[in-house]
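Paired with chain B in one complex and with chain C in the other, chain A is shared by the two complexes that follow.
Up next is the complex of A and B:
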């Protein structure tokens, strides 16, 4: 108060400007936030509340929802073997991403380091698949995975190795998830590598130099300096990766339709099938609510566990 | 002499792992390129050639597939729709996000942290998960089969991430500038419009570039909201084309190649913006 009025005296401005200024600021705040919140309300909050309502009905999408079934849809989802398969496949993608894809991206980022000649070239190439749409990616890989070695490149290369038979790939119950994971990795490892490269760039070089002078070897440098200082980047990358695996849809839908026999079903394809192929919109709404809860639960626990929600507020 | 020798041996020791590094990196470059090259090879073959020898060099190259795709009015309609959606979404996102990010970066008010947390809610509810609720809501609003519907939904679900990114950029602009402007009698809006936005142009282009890529590639929203083929966007059209002309793989390959060219060209021009946007969003910014 004291300081504010003092500065106004210095400015020689009329005393009453203080309150119009405040009013004006408040007006700015409201007007500036309004569009974003209108969008959130109309396209996020309202749809979710509406689906929460529909999820309690057996409803095929025409006319008003009248067949109230309470929590039956949820009961059915949680006992549906195929939904559980979809959840399992989602978890599988998460586990594979965290144990293979992210370490690979990190290893490549470390390899490129901060001064390897050509690092920008490698970054450009590795990140390129990220800008292809999932539709394009899926069709490209469909060609490669063709089980006929006359047509599918992967099998054609494989049978050059003596004693190796062509594999069914996407047609196989056991191989299909692995095949899809390869495609996901192809498309997204560049993104994570990019994040790690930027994170490495942010580590002050002096710390590493000091450690080296103190006699730290390469391994110690990595485990005691680089990785801990890369912590926030790693947490972000894990967060993005897990949320990303919840959202896998187009790749699976185009390459396998969730098949064979639901072997590659993920939650998004499950919801799409019930909502937009069978038009069980009440049931689909319940699936959407379950997915939202999973996503919310993950985000909140993750923030609590790592205690540094970098992507949310660390900026 | 001795020093030269040890120098040489140390460069050798230094260069051998380096050679190994390049070997591995090149292997990954190869893996990145195989699907792309195979696609382009396939697109330059006749239908028969594609079936008999799909992964050999396309000699002689057949440009007929490209001519056929480019001769279809549908391709141009999809291209136009994609452009309209992309430009609409991007302008909406840049406009709305810069307003909100400015408030969160530079203004103080009582419920600021609550408002900010609400505005990042969208990060936890990505569009893939919320697509059915969104479809039901838009059907009720009468916005299905309408490019506006696609644009509005894409804008809504791009807001959270981009508000975060822009807020980070805005916070990096020195507070002294703001103080100076206020002392000179500038209003908050004046500061935002005349000083902050021009200074933040790199940030705005980063957000624009990210939004453009996301919007251009997005499949689910148009897939769900639109069933008139005159409103198909490129990803949706590509998917439908693939299921419709599934047997004529060479033609599909040409279609896919053509529809990926805009993204690649854009990437080569806007790589810097895309990278700075993504890393700013992920790092402390």
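Up next is the complex of A and C:
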């Protein structure tokens, strides 16, 4: 395509029409694009290609990679039960985020977005967890979840209720994912709430007023006016949420190391364990590539499915 | 037209990036010159004034406790005072943070000059990759190597070359709270596995948490399985499996898992132990919330540091060796253990080795022993151990006929990590003893050649 159009240009236009101004314009465009493009290649494309290369080796991370194993690493990943568990946990976080976290954020945005007394206060409070670093969040919640009622706040409160026993929380194979999801929600609902609030502000008030004059009740206003007009924001929010859920790492690694016994393993912790605990950098690179493909597949399908891939309009 | 511009810019950018990329992989080979400088530099400076070249030694250790940190700093200050041209830059980190940082530093090919090591498998990987400095010649000089107990020094050699020196060597054993044992009506520590299980039940009946364990960190739990294998299989079982004439699926290793699950079935651990760290474990012990703990020589210091009153168990502390297992092939004097030391990075200046010598002196070892930082490995420093229990640990380790380094240090990192992960599965009841042994065997078959 490019070559065709370029040659057409040459054929159609005599030399004189290739004005110096046009050349200068092109040069300007190239120069402006260049820095971003160089960084893009250097810090995104090059590492991906490098991972792809190492993923074909059995490589410990020291010295040059020499033990070529072709696609063995990928075969092993796709047949590993623990990797499947990690994918399952990732999907669980995705599903819970979409069904609980986003509706909660939307509900709060609708409430806080109104002219309620103290809304600025609540807006600030709700957004605060998002500002904390993941490490600080994780350590703070580690204290809260401590199973010893004398040290962990949650259990300390819990045992005040008669007949309730302290819970192991992060030390339990069955509770650990729920515990982590609470923290993820606590940390990220503020971001989504803010997105929705920005989206709500973009809806012209006149539409709501007109509907009200026509006798629409609150519920009808929400379902026929607010939600449809919030569409592009919701799509953005879903997109960010799914990709974030698939790549969650720091919170899980600090709080549980993916344990107990892989109960809270996610793809990124799995990758980290193999790369930096077991020193299987080649295998870890292969996991990174699989993660990339999963995220890419989601992105492309999502763009295809959702007609207007106008992700940033809500922001 | 627009597309052609894009194409053009892509081409330009690509060529630029390729040009920019080329030097990046080459960087490590280019790096040496600055580090070589100190060795090359002396001749010109020596000739006119004899003022030695300024040298910086980067030293990473993992002592986070106030007193221990202060001792290292004091030794560095003393050395710097005596050698004004040398600057010792100390970086201290918490154990797990250190391990995480080491992996990236080592992959970048720039190790610190002097850093914490446990010897064994991980160190061997570094040595194989040429990231460590061979200090065998320095050890041979002036009888430096004779100052160490040979077993401890051996952990820092690989294929006949020494890459570092030990500062501490001890064995894993049970640290227990005498008061809590007395409350449960236990008059003497258990000598056999059956007695241990009985005592666990007595402690539980008395409403005391029998055992503290940090399940999240995995290695504290792995000690149990490893020690059971030492008792059941003796040296022969490990040697066979490690030399690949046998396997980790051999009876002793499966049996170790079964014994461990007998214990797990009694629910002897604190609530939520699978999510607990070694720090949580030490906190329970230090505050007398649990009766015993299977741990190495660093335990009493950590108990004190993590206790509310910063005193730890004090007189209440007791120690007993891992009980024998009925019918086991191991000798009761066999020990599982290991120690700490410092190894030298490949780019270290000669001064780093001299400084290492300084901090490994008898006087330094005595100072370390006095504050319970190290169970000494330099001859003549043993009697400085203030803690009588640590003396027992020191003697036990020195007298062991078969001394087994912790599995996660003795074997390549991948196998060690699988041991730790699999034993966690035994603790959680998600793996059978056979499955756990099989997982270790699979990894060993791939990694140990």
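The working rule: the second predicted complex is superposed on the first by the 292 of 315 C-alpha atoms of A that agree within 3 Å, B and C clash if a C-alpha of one lies under 4 Å from a C-alpha of the other, contacts with A are read in each partner's own complex, and residues count from 1 in each chain.
Here, a contact is a pair of C-beta atoms (placed from the backbone, for glycine too) under 8 Å apart; a residue touches a chain by one contact, two chains touch by 3 or more.
Quantities reported herein were computed from a predicted structural model and do not represent experimental measurements.
Judged by the touch definition given at the top, the superposed model places A:276 against both chain B and chain C. Within the superposed three-chain model, A:97 lies out of touch with both chain B and chain C [touch as defined at top]. Of the two partner chains placed by the overlay, neither chain B nor chain C lies in contact with A:241. Applying the stated contact rule after C-alpha superposition, one finds that A:33 touches each of chain B and chain C. Set against each other, chain B and chain C touch different numbers of residues in chain A, with B touching more.
Looking at the shared chain after the overlay, A:147 reaches chain C, while chain B stays out of its contact range.
With both structures placed on the common chain, the touch criterion links A:48 to chain B but leaves chain C unconnected. In the superposed model, A:89 makes contact with neither chain B nor chain C. In the overlay built on the shared chain, the residue A:105 is in contact with neither chain B nor chain C.
Of the two partner chains placed around the shared chain by superposition, chain C is the only one that A:60 touches, whereas chain B remains out of contact. According to the touch criterion, the shared surface of chain A, contacted by chain B in one complex and chain C in the other, consists of residues 26, 29, 33, 37, 42, 46, 146, 151, 276, 281. Chain B meets chain A in the complex at residues 18, 21-22, 24-25, 28-29, 31-36, 38-39, 42, 51-52, 54-55, 95-97, 99-100, 102-103, 107, 109, 115-116, 118-126, 128-137, 140-141, 152-153, 155-157, 159, 163-164, 167-168, 171, 183, 185, 187-189, 192, 213, 216-220, 224, 234-236, 238-239, 242, 249, 252-253, 256, 259-260, 263-264, 266-267, 271, 274-275, 278-285. Interface residues of chain A, counted against chain C in their complex, comprise 1-3, 5-6, 9, 26, 29-30, 33-34, 37-38, 41-42, 46, 60-63, 145-148, 151, 166-173, 176, 256-257, 259-262, 273, 276-281. Against chain B, in their complex, chain A makes its touches with residues 11, 13, 24-26, 28-29, 31-33, 35-37, 39-40, 42-44, 46-48, 50-51, 54, 108, 111-112, 116, 118, 122-137, 139-141, 143-144, 146, 150-151, 153, 156, 186, 190-191, 194-195, 198-199, 202, 232-233, 236-237, 240, 243, 246-250, 254, 268, 271-272, 275-276, 281, 284-285, 287-288, 291-292, 295-296, 299, 310-315. Within the complex formed with chain A, the residues of chain C that make contact are 1, 3-10, 12-14, 16-17, 20-21, 100, 103-104, 106-107, 125-126, 128-131, 215-216, 218, 270-276, 280, 283-284, 289, 412-414, 417-418, 421, 424-425, 428, 430-431.
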